[in-house]
Amino acid sequence: MKKLLIATSALVALTGAASAEVALTGDGRMGLVWDGENAQFSSRARVKFNLSGETDSGLSFGGSFRVDQENYNNEIDEGGNSNESNRSAARGTAGSVYISGTFGKLSMGDVVSAAEAAIGDLTELGYTSGEFAANPEEIDFLTGDGENEEQGPTALYEYTFNGVNLFASMTDGSRRDCGAGNVTYGTLGCYEFDEDDDTDVAFSLAAGYEFGAYNVALAYSENGDGREIVIGGTAAINEFKIKGFYADYDDRDLGQLGDFEFDFDDNADTFEVDYDRAYGLSVEYAMANGVGIQGLWIRREVEILEAFADGAEDAYDAYGIGASYDLGAGATLAGAIIKNEIFADNETRADVGIKFQF
Amino acid sequence: MKKLLIATSALVALTGAASAEVALTGDGRMGLVWDGENAQFSSRARVKFNLSGETDSGLSFGGSFRVDQENYNNEIDEGGNSNESNRSAARGTAGSVYISGTFGKLSMGDVVSAAEAAIGDLTELGYTSGEFAANPEEIDFLTGDGENEEQGPTALYEYTFNGVNLFASMTDGSRRDCGAGNVTYGTLGCYEFDEDDDTDVAFSLAAGYEFGAYNVALAYSENGDGREIVIGGTAAINEFKIKGFYADYDDRDLGQLGDFEFDFDDNADTFEVDYDRAYGLSVEYAMANGVGIQGLWIRREVEILEAFADGAEDAYDAYGIGASYDLGAGATLAGAIIKNEIFADNETRADVGIKFQF
Amino acid sequence: MKKLLIATSALVALTGAASAEVALTGDGRMGLVWDGENAQFSSRARVKFNLSGETDSGLSFGGSFRVDQENYNNEIDEGGNSNESNRSAARGTAGSVYISGTFGKLSMGDVVSAAEAAIGDLTELGYTSGEFAANPEEIDFLTGDGENEEQGPTALYEYTFNGVNLFASMTDGSRRDCGAGNVTYGTLGCYEFDEDDDTDVAFSLAAGYEFGAYNVALAYSENGDGREIVIGGTAAINEFKIKGFYADYDDRDLGQLGDFEFDFDDNADTFEVDYDRAYGLSVEYAMANGVGIQGLWIRREVEILEAFADGAEDAYDAYGIGASYDLGAGATLAGAIIKNEIFADNETRADVGIKFQF
């Protein structure tokens, strides 16, 4: 009898939690990275909190962030800029929250831009998902994804009907001043009244259309003086999944490309460049036995602004190939070889290892 | 049959966990803050760990902390003081643990003072719970709540009988020295032997009495030279809940009021002041249909210690009104308007958004 | 009927999670530490994420890390060295992941060395598990346990057959360069190509043998110029559990012993010393009524390298006694007294309190 009571209360607890709950997921990986000169061990473990609920009238709400996205006591660079480590879900600069219903879905926090929500990135290669080669699969969207953090949280709106997907994202246009005692963009205590007016709203608009196994999307974004137009498409043909994009930038000054600081070979100095355009293609091939093969190519074109270069153009390619094998239950063997011309030593890198989903 | 076995083992796992377990709760919010000059997006997501167990003899034990309260690698200000970001549940400077039984409840860690445990704060307004206007609902208790962090964890004892609630809290009186290699107050490796004797125990004593829908409480606290007497009361009359307090301080030097540095209008310098007293009132009105209205007023009186002011007194008011609507399942629409004279620009602020409990 | 459906889906959710899941455990403690001059409150609360899964072919995989082991935005000392606070499971410098099968178990991350995996530490005393007296129970293994963090994650391999336990651990031999913009050892973006070749792989090999209630183990390790041979053994005789070890070091320069900087009495300067050898013994006595008594003694011998000392040897003892009482369900009362000669003031320390497992 006692056991039955326990069973009932346990189920009640579970069903109660189903209406507004916190669920855990996680991931991990371990393996070897060839950095062009040495083999390196590389591993990690992460956990994600998934919050979800539903109001009495049927609106869904929730949010999510990873443990490593909660760094409450984060800091600002000496130059006064935020960097990718400066993130805290409790301050709105990492993770996100949302509410959704028949009106669509509204998210806020460290969300992607409308352009990225519509188009996404190319295929990730290797057990480190491209990280071993500075993530060449990531398209350098002009807003979101760390580009507007000094304005605090970004808002993203999504609406879908008849295969049409509409997206709009924006920041609030108010730059925040965070001195020594109040160092985090995103906290409420660091408004900069005097300089706020100089800052423009950064925004992005995008639309996509799905027809059968095909998908195309177009996006336009502004961030300060910078402009961005991106077009992307996906096709799923039998075991193949093909993805391509073309991005045109206007007035986009650039200090870095990808995750690495932009640098010319054998030259320690960084030149001033304009980021003109980027385009690329990825192909995934998935066999029924769990084996997959992936390929990637991306090109970034810049214009050198230094006087001696006389506006010369330069291009940086990254290309690679990867293979994976699904072990089941969230475990996958994967490896890849990537040449990313962005590296100062122009080396070819590789990784091989196992990655887990929990 | 296999299903039944699974069910049984699942239930056993659940009931086993019930005697000593870690449960998750969370909260989130998203919306707009008007900072007096601009509209700002503001959002956050947080998760809390709730630890609980029961010994064979029936003592309850447990603890709790949020993910954002675990900043293991925290630091100290240049002035050598801890700040609110310097908190780590694993070091006892955030979150808390407890044990309770017929003898009462003993907690340790970043607990509130006896005064705050007995009296609490005024009503929170808006979807950011007053944070958009520097938390005017928070009473500036002399101990706990971040005031004694340099002495490590605080201990709080609570005992209840016949409607009488008794509270006592204290720190250990030993200041800690944490140099470059050992920067966290609360860790065991940073005792300062030479200066320990100069530090007094900071403590707080409080008693409350509940009779029907009424509640009164009185508290006395000491922290260094500072003294505090606070009286507070709550009355729940039909749909109304009214709360008031009066706090008298003695020898309380003050660098800041509330969350913001104390500052006189149009004057960048901060004066030396004595914080003399504070008093305030809040009213909540809750309708059966889920709509609620809240009001708040608080006054803080200081004495200016600068020679030219000749001991002149000054008072800082904060007042505001808020409204909320319960959407069910932990989601609440809320907004508020607050004028807090503590702001240098004396602006009126407002927020409106949605907050979630998971 | 609805209830039954709910029950079924809840069970399905539970059993689904059983194949690849994230489970939570935790611990806490509260009490008093006598630091030789003052009583100090000391408390903490921690939570651990336990990831686990099983592939279709029956390989187990998983990982674990605590909330306080995820400090994504961590930093490096002024001297360019990592310290114990610089840890992030998402960067592989804290926590670990593993995969295991009939081939044994392979782990990567902040794992212990083969020597420590085979031999372990002596018995922990007191409710703070020896932390109040600089953890004298911890054997100063040459690799792992924070000794090789500048090389990123460590890999540990374990294999067991017929009572024989084999262990091997290594780092990758590639030191990482992490400048201002990329401050974490363990991240993929901070390879130091030029200096990599100067760094040797740090490794450890160990073997153990279990026969009935007895256990012996032998280990050999190298880290740079340093060499280590450790032998250890455990015997469980009735209510007694006895553990001993002898460690011989070669070319091991030492800046510190245990958790505290090595220091001579009444002398603020630290001498250059060679750490020659250490040996010690611990005894646990566990009664049926839940009462336990523990004793510990450890000696560390160093050679003073300063000219005036002419290679004189010196020895540092630590010894202590503790008692504990099991309250059931994970709660334990515990206290201990320890004299650790490593302290500059040569004081005797004690702790008493309660510790929890969730």
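Think of it as A, B and C in the order they're written, each chain with its own count starting at 1.
Definition applied: a contact is a pair of C-beta atoms (placed from the backbone, for glycine too) under 8 Å apart; a residue touches a chain by one contact, two chains touch by 3 or more.
Note that the structure is predicted; figures quoted are calculated from it, not measured.
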Numbering shared by both copies at the subunit C-subunit B contact, with half separating same from different: different
Inter-copy rotation, subunit A to subunit B, in degrees (Cα atoms; steps of 5): 120
Computed distance of Cα centres, subunit C from subunit B, in Å: 36
Where subunit C touches two or more other chains at once, by residue number: 24, 67, 71, 73
Footprint of subunit A on subunit C - complex, ascending: 3, 6-7, 10, 13, 19-22, 24, 49, 51-57, 59, 61-65, 67, 70-73, 88-92, 95-99, 106, 108-109, 152-155, 171-174, 180-181, 183, 188-189, 191, 193, 196
Footprint of subunit A on subunit B - complex, ascending: 11, 14-15, 18, 24-26, 28-30, 32-33, 35-47, 66-69, 71, 73-75, 77-78, 83, 85-87, 128, 131-132, 134, 259-261, 327-331, 345, 354, 356-358
